[in-house]
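Pasting a structure here, questions to come.
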Amino acid sequence: MDLATLIGLISAFGLIGASMATGGSIAAFWNVPGLMIVAGGTVAATLINESLGQVLGAMKVMLQAFFLKKASPQETIQSVVDLAAKARKEGLVSLENEDIPDDFLARGVRLGVDGLDPDAVNGILLSEMRTLKARHERGQAIFKFMGSTAPAMGMVGTLVGLVQMLQELDDPAAIGPAMAVALLTTLYGAIIAFVMCNPIASKLEQRTKDEVSQKTLAIAGVEAILKGENSLVIQSKLEAYLSPAEKAEREKAAG
Amino acid sequence: MDLATLIGLISAFGLIGASMATGGSIAAFWNVPGLMIVAGGTVAATLINESLGQVLGAMKVMLQAFFLKKASPQETIQSVVDLAAKARKEGLVSLENEDIPDDFLARGVRLGVDGLDPDAVNGILLSEMRTLKARHERGQAIFKFMGSTAPAMGMVGTLVGLVQMLQELDDPAAIGPAMAVALLTTLYGAIIAFVMCNPIASKLEQRTKDEVSQKTLAIAGVEAILKGENSLVIQSKLEAYLSPAEKAEREKAAG
Amino acid sequence: MDLATLIGLISAFGLIGASMATGGSIAAFWNVPGLMIVAGGTVAATLINESLGQVLGAMKVMLQAFFLKKASPQETIQSVVDLAAKARKEGLVSLENEDIPDDFLARGVRLGVDGLDPDAVNGILLSEMRTLKARHERGQAIFKFMGSTAPAMGMVGTLVGLVQMLQELDDPAAIGPAMAVALLTTLYGAIIAFVMCNPIASKLEQRTKDEVSQKTLAIAGVEAILKGENSLVIQSKLEAYLSPAEKAEREKAAG
Amino acid sequence: MDLATLIGLISAFGLIGASMATGGSIAAFWNVPGLMIVAGGTVAATLINESLGQVLGAMKVMLQAFFLKKASPQETIQSVVDLAAKARKEGLVSLENEDIPDDFLARGVRLGVDGLDPDAVNGILLSEMRTLKARHERGQAIFKFMGSTAPAMGMVGTLVGLVQMLQELDDPAAIGPAMAVALLTTLYGAIIAFVMCNPIASKLEQRTKDEVSQKTLAIAGVEAILKGENSLVIQSKLEAYLSPAEKAEREKAAG
Amino acid sequence: MDLATLIGLISAFGLIGASMATGGSIAAFWNVPGLMIVAGGTVAATLINESLGQVLGAMKVMLQAFFLKKASPQETIQSVVDLAAKARKEGLVSLENEDIPDDFLARGVRLGVDGLDPDAVNGILLSEMRTLKARHERGQAIFKFMGSTAPAMGMVGTLVGLVQMLQELDDPAAIGPAMAVALLTTLYGAIIAFVMCNPIASKLEQRTKDEVSQKTLAIAGVEAILKGENSLVIQSKLEAYLSPAEKAEREKAAG
């Protein structure tokens, strides 16, 4: 897991917990029925529109986003340059038993070695990339849905509490605590949405962009290998996908 | 109906009902005039901008989304591979009396057998897919409209109740219950929007994406059959539309 | 006018009126200065950004959307098939004096008869369709603007009322009624936006989609006629634009 | 300035002013510090993200939108038809000293007379149109930013006022007026956003659409002149950009 | 740093500070725990979805946006015209040792001098521009995320404070100040979002547009140089990217 994510989670909940504790007991903020209606209601509303398989798939995509190491574009470029050089010297068939660490790149090269023409390989890799993107966007959509439903469920809980309180105003001393309890669900909804669901949805979005740009790089690389392009041209083409910082790193590593 | 949908619906309403019951009688949350203004007003506002036919069509699309079984991409791929093999061996005409379970695939093959060129068939299938997509999006639009109108009608009901309450402040004991009743419509609006309309709209959106990707697969398959492509190439092309999980399933089934 | 629209309008206002009447006199909800600031202010804000001509044009587009009969795609398909058959038998020039009910289709055919090549005709019809779409979207934009301005003007009215009330808190008995009056403008804003402007904007959006898909069908038809395509091919191409229900209707009519 | 704009501005402020005056003195709504924090804060926040040049440019674009006369598409069509007829009779070079009122059209014709091929001229005019569109969208963005910042600054002012009021609750008689003053900034924010910034942003958006469609017409016209098209074809092509009302006007003028 | 930015920042905070001071002591608005939960919570939530590297990268992009001088399109045009003239006279190779101030332009020219064909150079420069745009959009996304999270964290803080206050209503004199403190976090959230994060996000958006249009100009210039176009044609092509004001400036400088 990213160190930043861990720090973020701990400090977000720590700050909120600390501010709850300063006013007295943190236990005053713990209300199981309220938590049930907000967290349970949000999950229930999500199950209405998504099959269990989709929800579990979204969890898997989320865990990958948090725990899997990001691929390095510099390594992919180096692989492509090496493979292209070998293909030009010894022919495309020589790549048959090559061990290529990047799965996606490897699949593209193998299709080319099997005799498919570069355009067909390109089309297949593009379809695969689009399928991956659609799968990730489905995961994002689930967390975005939860992020917009949680505050609504919090409001539902607060309204239920307010209606109950307003119907029994006999004991003025009970009004304050009853209203406090009613507000708790709104608080839960805001925390679930803004500290959990929305950051996860945003993380998935960024991760998808990273994967798509990594795969775009690999597709350009496969095309260059299959078309037998000159390795200097390949290098220029692929380095255009790097940020200045990544380019500097690559030059340091190369140089 | 999806098991998850059923579980979701039951638990969402169960959780809300339970939280209403904890504070005393659930009957306090039952208010027919309030329900009329929110649910009735939402439906009425929808009828202003949609013909009855469109609203009924949206209901039908919704029921299909909840009750129809999703097509399996793996089966479509297997059909395409089998049909392509037969067409290459015995000619395209041999597919004339073939029984193809996927209607859309069958229609595409039949157009090709009737002698239309692959590009024309492609164009026709694309038009059909776009027509289907537009029809589904119209259904989504109706539920999204209802999902944004219901909270507004809830607010209208609450404002009406507040105005009535504020004009007769003589009896302080009546203020609480009157305000409780006024808040009920806001509660109804939130439940209708966030537990019913929005999940349905989201379900339709996901279902449309599934159908479009299934049809995209079938269109690619028809093109491959009509162009007489090699079945290994077809397999590579079509499997690019599967997720890793679906690919693994297919390999297990094949192996 | 669509029956559904009429039912929708009557029942929406009926429900709101009924809920107002239950609490006593409906007259309590009638406040001319409040109505002036919300309805008048919304119209005034719209005039700031739209010329009178544009606003009147939007009204005209709206009336058309509510009162004009929708074109039938089945009739357009039948016209195209008949015209194409005649053109193949007797030559394109034989269509010169043909009486074609669909104006847009007629214009396309006439341009072809006048000797323009099919691509030029296609370009001209596409430009016309885009011009129509832009004009309708301008109309939608006006109603959407009003739908987002009305609640804001309602809030302005309520704030004005609250400020006036808060500055003279001497008479406690006057607070309730004064606040009730202040809330009325928020209520007016919500009704104007959610029961009037938003449904109209949504109606215009759907109507525009209908017209664009009808015109797309006609453009495909004109192209097929001018290129002298086989009527079976034309039929397959154009029926791809129909929904299953429309296709069934057409088959019943034809059979 | 458009008559409608003037009427709109006067009646919007008139209605709001009248509703303020009905409750007593309009002076109660005048609060210089509150106005400073809302109007000044909005302008200050805008200066953070826009250079002075950009803000002044946006003002200029706004003034043009309100004061410059809209170009007439009918006149442009007539110019194109006349120029095309002359070019076909006397050669393209004969247009060299022609006086063309529409600047953009004139520039296109001059580039063609100077010997650039039609595609290059087309590309240059498209770039110019895109540059103009980007400049106008920057202006819109500034007013949209102000329209979303003003209510936020109003809320900031109200919160500041509430905090000050809540810390000194000793004198109950002062609570009402203090709260009234606190609410004034929210009122100012709403008026600035909904009666000034948003209508201006919307006006700029519509004006940009008008200019782009006018320039699209001119670009089609230049292409037709340089390619030496038949004037009947040109007329059909260009009239497709007119609305039915504009077409009727043109026919009346021509006939 | 832009003078306008500095003026904007100082006057925004000055105005808010002044309005706080008018009501008594500005110290009443200083609440460290409240600031911690809003500012700290916003940063923590951002770290959940962004790696530390990304957040630092966004800071760097922001500083560049505020401190780096904007490139001048007029200078780029002049460079291109001069280089094209030299290339036409002395051959493309003569540009090898040319000192070109605009880095991006220089890289394009060097690739051409190295023998890549114009289309490949074009493709490489486009990829670089897209990579830059994606990097800047990531930065914008971070500030937009913070701008939408800060008000939510403010609301969380206010709800925590309200719940604490409502549970201890024994001392009526403490209610006002407790509520004032609770409202402070909402105030902090609004200031952080609307005076800091949103203007920065907007600045980055505008800056990205500037850079993309500057790079688009350079790409068109490189293409013109490599294709050996006539310098009058180049001038016409490139000046189409200038606004009227920039064009006037350039003419003054040239004339």
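The chains carry the letters A, B, C, D and E, assigned in the order they are written, with residues numbered from 1 in each.
In this section, a residue touches a chain if its C-beta (ideal position, glycine included) is under 8 Å from a C-beta of that chain, and two chains touch if they have at least 3 such contacts.
Quantities reported herein were computed from a predicted structural model and do not represent experimental measurements.
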Would you kindly count the fewest steps from subunit A to subunit C, each step being a jump to a chain that touches the current one?
2
Touching subunit D and also subunit E, the following chains:
none
Rounded Å distance between subunit A and subunit E, as computed from the means of their C-alpha atoms:
24
Express in whole angstrom the distance between the two chain centres, defined as the mean CA positions of subunit A and subunit D.
40
Could you pull out the residues of subunit B that touch at least 2 other chains?
none
Given the complex with subunit E, which residues does subunit A contribute to the contact?
2-5, 7-9, 11-12, 15-16, 18-20, 22-24, 28-29, 173, 175-177, 179-180, 183-184, 186-187, 190-191, 193-195, 198-200, 202-203, 205-206, 209, 213, 232-233, 236-237, 240-243, 245
In the complex of these two chains, what residues of subunit A are touching subunit B?
33-34, 36-37, 40-41, 44-52, 54-55, 57, 111, 114, 116, 120, 123-125, 127-128, 131, 134-135, 138, 141, 145, 148-149, 152-153, 155-157, 159-164, 166-169
